[in-house]
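Below are two complexes that have chain A in common, paired first with chain B and then with chain C.
Entry: the complex of A and B
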C-alpha cells in the first residue's frame, strides 16, 4: 500500500475520521461561545472575559484549537494535493506543493501555539 | 458518490464521444489525465463542493486575524472596545461579514457531509436537494448576518 508522506495520519481513513471528529468539536465550541454571548443579559467585557476564564472552558478552548489545526491541516492537504500537482502545474508541481504545504504547516503550528497562549493564559 | 457521478457525466458528455473514433491503442496512451474544469458543466453539487473548499481556505488564511481579535478583545476593557470599534468602519465590517458568511457556509455544508456520512441524501436526487438546501440556508444566514452588522 502506498502511503502519502504529508497526510496527517498517513491513512485516508484516519484523516477522514479526524476531519469529522474535529468538526464536531468545533461545532460544539462555536455553539457554546455563541450561546454564551446571546444568553448574556448584558454583554460586555466582563462577561466576555468570564466566558473564557473558567478552567473547563480553557481546556475546551485548547481542545478546540487542536481540532481547528488538525481540521485545517487535513483540509489544506486535500486541496493542495488536488490542485498543486504535476497534472496541473507540470514538472514544478511537486516542488510548488511541498513549499505551499510547508508554509501552511508553519502557519497552522504558529496559530496553534498562539491560540494556546490566548485561551490558556486567560485565568 | 456524487463526485464520481459528476466525473463520469462530464467524461460521457465531452470526451467519450470523441474517444470512440480513436483506436484502442490511442485511447490507452492519450487518455485524458486532466479535466478542464472551465469547459464542463457544474451541477449544483459541484458548486456546493468547490464553495466548501474555497470557504475553508479563506477561513484558514483568516486564522491569524481571528486570533488577533480574540487576543485583543480578551486583553482588557480597552482592547475589547477597540475590537468592537474595528467593526464600525466600512471595510473591516465587509471583511467581517465575508468571514461570517464563509464560516456559516462552511458549517452548513459540513453538516451536510456528516448527514451524508450517515447515509442521508446520498442519491443523485438527495445530493441535489441537500446542496440546494445548503445554498438556501446560507443565503438566509448571509442576509441575517448583514442585518446584524449594519
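Entry: the complex of A and C
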C-alpha cells in the first residue's frame, strides 16, 4: 500500500469522506446564510450583524470554517502531490512540495483563527 | 483511390535527440473504409522503418493501442472515416504518459506493475472441490463488463492521474481488474484486497473525469468499477 505522511487522515477513504462531508456542510451553510438574507424584509448591516450574533449561527459558522479548511487541505494536498514532484521538477520536487504545503497550511490555519476571531470576537 | 495525409510520431531514443512528426501521403481505396491499422501498414510499405505493435488485427490482443487524432484507441478497429473525418488527415502518436521505446511503441512496464499490484488472480485457500468452484448465474453475471478487459492500456494512458502518479495510482485498467476479483464470489481475499487499496493514491486519486470510459475500445466502464470499490471501502471502513 502506498503511504503518505502529509495527507489529512493518511487514509484515502478518510480524506475522500472529509471532502464530501465538508462540501455538504458548506452547501448547507451557504443555503442558511442565503435564506437569512433573502427572507429578511429589509436587509442591511444591523440585520447582517444580528444574523451572525445568534449562537447557533456562530457554532454553524465555525463548523463551516473548519470544513472549508479541511476541504481546502485535501484539495491542495492533491494538487501539490500531482504537480510538485520529482517527475515535474527534478530533484527540487520534494523540497518545493513541502515548502508549498507548509505555506498553504500556515495560510489555512491563519484564516481559520482569523475567522474564529471575527465570528466569536466582540468587535 | 483517394489520398490520406498521415502524420506519424517518430522517435528513436538511441539516435534522435528529440521526437519529430513525419508526414506521408498514403493512397487508400476509395470504394471501402479501411481501419487505421491498414493505413499504417500502407504507410509502412512506403517507409519500412516506421515501428509499431500489432498482432491479431481484430481488437482482441490489444497490441496496437495508440493515440489516433488525439484520442486513444486500437488502430485495428478504428475506422479511418471515423478517425480522420472529412479532412482526411490522420495524426498517430504513441499512448501518452509512458516512455517511448521507438515511434509508436511504448514501454508498458509501469502499466503492468500497477496491474500486478492488485494481484489479478483468484485467491482462495479453501480446499478445491473435486470438479470446480461453482457460481450461480447471478454471481457469474457480476463479472460481466469486467473480465472483457484486454489490457490495451488505452484507458490508463488517457488518465491524467496516471500521468502524474504512474508509480502510485493503480489506474483504470488495474482497478477494473481489481473489482473483477473483489466481485468474484469464489475469491476469499476481499478484506486483504480492500486493505491494500485504502491509501490516498491507489484508488482515491481517481477524480472521476471518465476519460477511461470514453476511450475504452471494448465499451467497458472503469469509473463505475472504481465507484463500486469506493463503496466497498466505505462499507468496510465506516
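Everything that follows uses one rule, which is that the second predicted complex is superposed on the first by the 119 of 123 C-alpha atoms of A that agree within 3 Å, B and C clash if a C-alpha of one lies under 4 Å from a C-alpha of the other, contacts with A are read in each partner's own complex, and residues count from 1 in each chain.
The working rule: a residue touches a chain if its C-beta (ideal position, glycine included) is under 8 Å from a C-beta of that chain, and two chains touch if they have at least 3 such contacts.
Just so you know, these numbers come straight off a predicted model, no measurement behind them.
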Requested in this report: Examine A:100 and indicate which partner it touches, taking first as chain B and second as chain C; both and neither are also allowed.
Outcome: neither
Requested in this report: Using the touch definition from the top, say if A:12 reaches chain B (first), chain C (second), both or neither.
Outcome: second
Report task. With the two complexes superposed on chain A, say which partner A:47 touches: chain B (first), chain C (second), both, or neither. Result -> neither
Report task. Determine, under the contact definition given at the top, whether A:58 touches first (chain B), second (chain C), both, or neither. Result -> neither
Report task. Identify the partner contact of A:4: answer first if only chain B is touched, second if only chain C is, both if each is, neither if none is. Result -> second
Report task. Name the contact category of A:81: first (chain B only), second (chain C only), both, or neither. Result -> second
Query raised in the report: When the two structures are laid over each other on chain A, which of chain B and chain C touches more residues of chain A?
Result: B
Query raised in the report: Intersection of chain A residues contacting chain B with those contacting chain C?
Result: 87
Query - Interface residues, chain B side, partner chain A - complex - result: 33-34, 53, 56-57, 60, 63-64, 67, 70-71, 73-74, 76-77, 80-81, 103, 107, 110-111, 114, 117
Query - chain A residues touching chain C - in the complex, by the definition given at the top - result: 1-4, 7, 10-17, 77-78, 81-83, 85, 87
Query - Interfacial residue positions of chain C with respect to chain A in the complex - result: 161, 164-165, 168, 195-205, 230, 233-234, 237-238
Report task. Could you pull out which chain A residues touch chain B in their complex? Result -> 20, 23-24, 27, 30, 44-45, 48-49, 52, 68, 72, 75-76, 79, 87-88, 104, 107-108, 110-111, 114-115, 118-119, 122
